[in-house]
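One chain, chain A, links the two complexes that follow: it is found with chain B in the first and with chain C in the second.
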Partner chain A sequence: MGLKIDMPEPNGGRLVDRVVKKPEIGAKMAAGCPAFDIKPTMFKGSPIRNVYREIVSICYGFFSPVEGSMVREEVERVLKERRLLNDCIFPYPLVFDITEEDLKGLGVEEGDRLLLRLKGQPFAVIDIEEIYKIDTDDLATRTFGTPENNPEVVREPFNEKHPGYVIYKSLNPYVIGGKFFIVNPPKFREPFDRFWFPPAEARKEFKNKGWRTVIAHQTRNVPHVGHEFLMKNAAYMGDTEPCHGIVVNAIIGAKRLGDYPDEAIIEAHAATNEGKYIKPERHMVTFTLWDMRYGNPIESLLHGIIRQNMGVSWHMFGRDHAAVGEFYDEYATQILWGEGIPSFGFEAPPTDVYAGLKIRPQNMQEFWYCPVCGEIAYKGNCGHIDEKQKFSGSFIRGMVREGVFPPKVIMRPEVYKAVVKWWKKFNYPFVNSAYLEYKNKEGEFDLPAMEVSEKR
Partner chain B sequence: MGLKIDMPEPNGGRLVDRVVKKPEIGAKMAAGCPAFDIKPTMFKGSPIRNVYREIVSICYGFFSPVEGSMVREEVERVLKERRLLNDCIFPYPLVFDITEEDLKGLGVEEGDRLLLRLKGQPFAVIDIEEIYKIDTDDLATRTFGTPENNPEVVREPFNEKHPGYVIYKSLNPYVIGGKFFIVNPPKFREPFDRFWFPPAEARKEFKNKGWRTVIAHQTRNVPHVGHEFLMKNAAYMGDTEPCHGIVVNAIIGAKRLGDYPDEAIIEAHAATNEGKYIKPERHMVTFTLWDMRYGNPIESLLHGIIRQNMGVSWHMFGRDHAAVGEFYDEYATQILWGEGIPSFGFEAPPTDVYAGLKIRPQNMQEFWYCPVCGEIAYKGNCGHIDEKQKFSGSFIRGMVREGVFPPKVIMRPEVYKAVVKWWKKFNYPFVNSAYLEYKNKEGEFDLPAMEVSEKR
Partner chain C sequence: MAYNMALLLDSARKEKIKGTPVEQQIQKLFGGEVEAVIMEIPEEHAKKILDEFTTARIDSRGFLEDIPVALKRAIFSEVASKGSTGPEVLDATLAKLDEIKEEAKKESEYIPPPEI
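Let's turn to the complex of A and B:
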């Protein structure tokens, strides 16, 4: 008995930690290995994904219990049942893909260790378990589903307008499966450094803060007041009292033109607590590296796993969670967490199945401004549907573009200032081709210089 | 497994129903019994309690599994352990008390049935199990506790400034213990009639509305916007999504000068949904007859039991719950439901003990108006503590008294109109001596004329 909820255990029971902290040991582990320079996945000349982000998230335990690039059998099981070979839930195939040319050039075989370099420096190694060929069209289609196979939630066949579909479709045809080690840990640049809480650190930090219960919010955007209201109000969910902590976990990765820069997004969220709209002692901003696949219900499983691994008790899921376009039902994620989606392997919600997830959903409706209530009102409460004024991200971006200081009821002045700060640094408030080039070259972190002997 | 919460079973497993619906059967059950006219408990010339309200709440199942006036052994166990003889939790002694003179005049004995009349009509019968004497000073003191015996939460010795203490101290010295039957069901007058949902009816109504999860709010007041915010925001608590229903349960009973009339209180709450600040399909106003004892944590147990019996999943508990003065710690109720109060018999919260309650607490902090946030803000979020503007019930009553239409951010116009409606009927916005006299004479319901034969 007892209604109080403790911090959930990680997915699979324990956190993955595949980061070698001591440089001399990292260098020794990489010694004598053939080396390969990590390259981004490209589509129509633009980088749309970079596998180093997956390596970081795997090795720091965000994706626990995943330990590396999946072998063929595991990819199959993930696509069929959204489970790993050890039965744990995982939604996406994660693979280290390579061209036939590169593979031949390396001359590596199963059983070999391969050194992966990033920005000219040693970064990680992979212990090769299997090398196999994939059908990227098939992989892309099965990852996201089809209206025929997944009629509960898939509304349109996926195509090249969907950025996640494009990522899988654009993979190289060969996969090197095997476990990673990071041999040269990343040094995150400002402003990311102060928001870097890998799962083990996040769990420690929650305990330090005295948080028993925590609710997570997914973001890839600068928060307007509607977002702030979702965060503040979803957090009345709890066990015997509202959640102690509110954690924003920004997904940082490949960008699209017109997005806000990642640097602005993360500092704009911090501005919400710096401005005391949510007390700093109740609010914490963090991030995870991942090139968003926009898989709505599928993506929500990954989000649930990341945040459960961080020690979070609840996850707020709204309408169109991690969605692009109208490929999925707008409530697909809430259907998954509320009832399950049998065609994706979930006869019941992912919390209620064998080896299920321990993070709990808080399925929310939206907020709007209501002039009759005189406040930002919740769809579930406010009956003045003819008077409501919806928040519009593109309307707000339009104001920002014109240099208009948005009204306080739409965007907090502190949040706007964070946007302006990075606008000045990048000479434009949104992602443009100069930012894309910078991001592709520099990423989010630097790697210390490391000498690796060519001999074991 | 499964995170979803079903409607909780009643306290003790099943609802008490001791209401005889067919008048001919009621009349037959009362035939030949000695009759007694129910009288109010008086203090300094004023009625402070009337036992008919307890009889209604017992027989309609609000206080399940209590079935009547307690026998001596049960009163003792309630005072020591806050449990009935059947182990179920119950916080207060409930007794049918009588003067020595009345008892002698009736000439009844254990084993007899006594007819209780109200407003000149047959109302209920009691099957006498035990007649015993009580020490009302001792009863009053032990009901509420003392700083010595209950140091966790009792701050001052109880005295005649406390209305609940006065009720117990003013009881007549003899108790007739035994089970009640209502033989002539009450016909509630307007406006109470449309808010009358005894537990069995409330459960049916929740199911009709499709509510799986419901949160209850205690009230004895006209709602200002701060109250509305407590209701709306506490309701984000839920299982996998915010609560489906918000139930206001008004405690209707003996009044004090300066209170709002019960008629205004209940219609003012309904105005909250009629004005669509909370959609009518999510909000329901109900009431229970009970002369409030203001026992803060002790009273909160009764509130939990009443609303669990009605089928409610959560109960909102705020600061100074059902409190008068500073006899208890202002967070005594949250301490009880969060940690337990060993000196009152609760080594753990009442949900976590043997034969525990099934309703769950939502322990909330307060709301204030924050000019920086530009909204009604929650203490747990808003860090602008120097700028905050607290809601003050007495300030609002002052405005009403002066005929000032309160600003919308303080009281909704629809709520104010409900106050004005009853102000016009009673010629004063608050309880005055004319209202007390009316209330004492008429109560909340009428009883149909019923003929009872003097012979069996």
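Let's turn to the complex of A and C:
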């Protein structure tokens, strides 16, 4: 048996690529189609999800082998077994939802092609396979589980305090199922453009860098020194040598009040290598468009799939991975990847089941500052439990809010400067209602002007 | 269950508690890079703060965080004037809740960025 690990194949064996690169072909595909302007999913007056991010991530292959908005039978299988109709693992229902009024106004039916516009421009088309009604309460509950049905890891019934539950509950009642094509590819704006590595490009980039083994760090936050130590230490795992590369993949999408703006998150991570705390030759920042569902073990499956599709060999998972509140066991993700969660369809870890994932988990404990050791210490090593000083993102946010320059043992100065750069732009260090409005209007990219004929 | 709150100290704040019993409570964190007074927040006060300020939360250390600067500033002001971190500080602070919420509202729209 060889010990060296090769780049894993994509989930399902091939990367999805549903992006039409030539505008004239895109315009031709959209010609004569009824058109619909994409709208955000709203909750209490705030945009909490926008389906265009799912369309981008599907068509560029981040969610391979998913190719579109799921048909009813596929949604059911995902909810029951976390598998697609082709047996590949996938954790979340992905649907293009629409109101009854909009559906009637469009007058479309199965077999039709619908043009989806964004920011007034043609963006994508969907080839309609099925139109069906959903029960959003049921969908929201079954997506995340219940203490009765998933007693291994669900601790509290989900409710409106959970942002992912609220996304599913707030969907429109009708779904148009079918495959997407992006007919007018997005042009990412600064600062996102320099971090845009869809799976096919990420794989090429890893090869160009000579990276055989790569470990992924999931983030939705500005990095503090605890995150930096997590990345550096988790990367000692590799094969015959530590991982060649560390890839930060930021989840960019709808934000909660009080989070850092996406622009600050992504540039702050880049500042970690620009400041050489991790050599730029070994560290790469990327992103995926997705409105986080905060589904802890369920979300970790999506993270595993995205990063496997990007060609990543290992994924670090910590305590409370992609979690909010106390709905799940704080180690639910590590339970899934360590032993499986039968009630969610995994009798064994997702790597050890039929058509399993090829990315390998690196379940990590946390890092803290230990005044006795006089250094940043790993929970698995440091026995000074009573003396530990934990890194807390909210403690650091409080420091930032009060105008205190964080000491470099907590946040690197380059990272803080990236936060301040975007603070100056938005007049606020965190997400507030003005940022939400900006984000909803501008998104992350622009679309070139495209003329589409009304006739086929 | 009681929670905690960390009041960060700079030189101006340290001057204000100089000579009071609170000075003895100063803790050095992260190798002495951060100085703070850690005060206990009884459950009923914590609940009130969580109810009144939607962003407020208890973090993984059991600390009350993500609260407006206006509230922290008001609590520190009472700590300095009373020379205590006891529950009477929170009673006095929360008696001015309307005023604090008004300040906090402004703070949700604009916080001046530091000049660095």
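Throughout what follows, the second predicted complex is superposed on the first by the 456 of 456 C-alpha atoms of A that agree within 3 Å, B and C clash if a C-alpha of one lies under 4 Å from a C-alpha of the other, contacts with A are read in each partner's own complex, and residues count from 1 in each chain.
Throughout what follows, contacts are C-beta pairs under 8 Å (C-beta built on N, C-alpha and C of every residue); 3 or more make two chains touch, one makes a residue touch a chain.
Worth saying up front: this structure is predicted, and the values here are computed from it rather than measured.
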{"item": "A:194 touches, of chain B and chain C: first, second, both or neither?", "value": "neither"}
{"item": "Dominant toucher of chain A (residue count), chain B or chain C", "value": "B"}
{"item": "Chain B versus chain C as contact partner of A:402, first or second or both or neither", "value": "second"}
{"item": "First (chain B), second (chain C), both or neither touched by A:161", "value": "neither"}
{"item": "First, second, both or neither for A:207, with chain B first and chain C second", "value": "neither"}
{"item": "Contacts of A:320 with chain B and chain C, given as first, second, both or neither", "value": "second"}
{"item": "Touched partner set for A:428, first chain B, second chain C, both or neither", "value": "second"}
{"item": "Chain B versus chain C as contact partner of A:390, first or second or both or neither", "value": "second"}
{"item": "Partner chain in contact with A:374 - chain B first, chain C second, else both or neither", "value": "both"}
{"item": "Where chain A meets both chain C and chain B, residue numbers", "value": "374, 408-409"}
{"item": "Residues of chain A touching chain C in the complex", "value": "257-258, 319-320, 369, 371, 374, 389-390, 392-395, 397-399, 401-405, 407-410, 416-417, 420, 423-424, 427-429, 432-434"}
{"item": "Residue numbers on chain C that touch chain A, as the complex places them", "value": "6, 8, 10, 29-31, 33-34, 54-55, 57, 59-61, 63, 65-67, 69, 72, 108-114, 116"}
{"item": "Chain B residues within the chain A interface of the complex", "value": "1-3, 232-238, 240-242, 276-280, 282, 334, 337-338, 348-349, 351-352, 356, 360-364, 372-376, 378, 380-384, 408-409"}
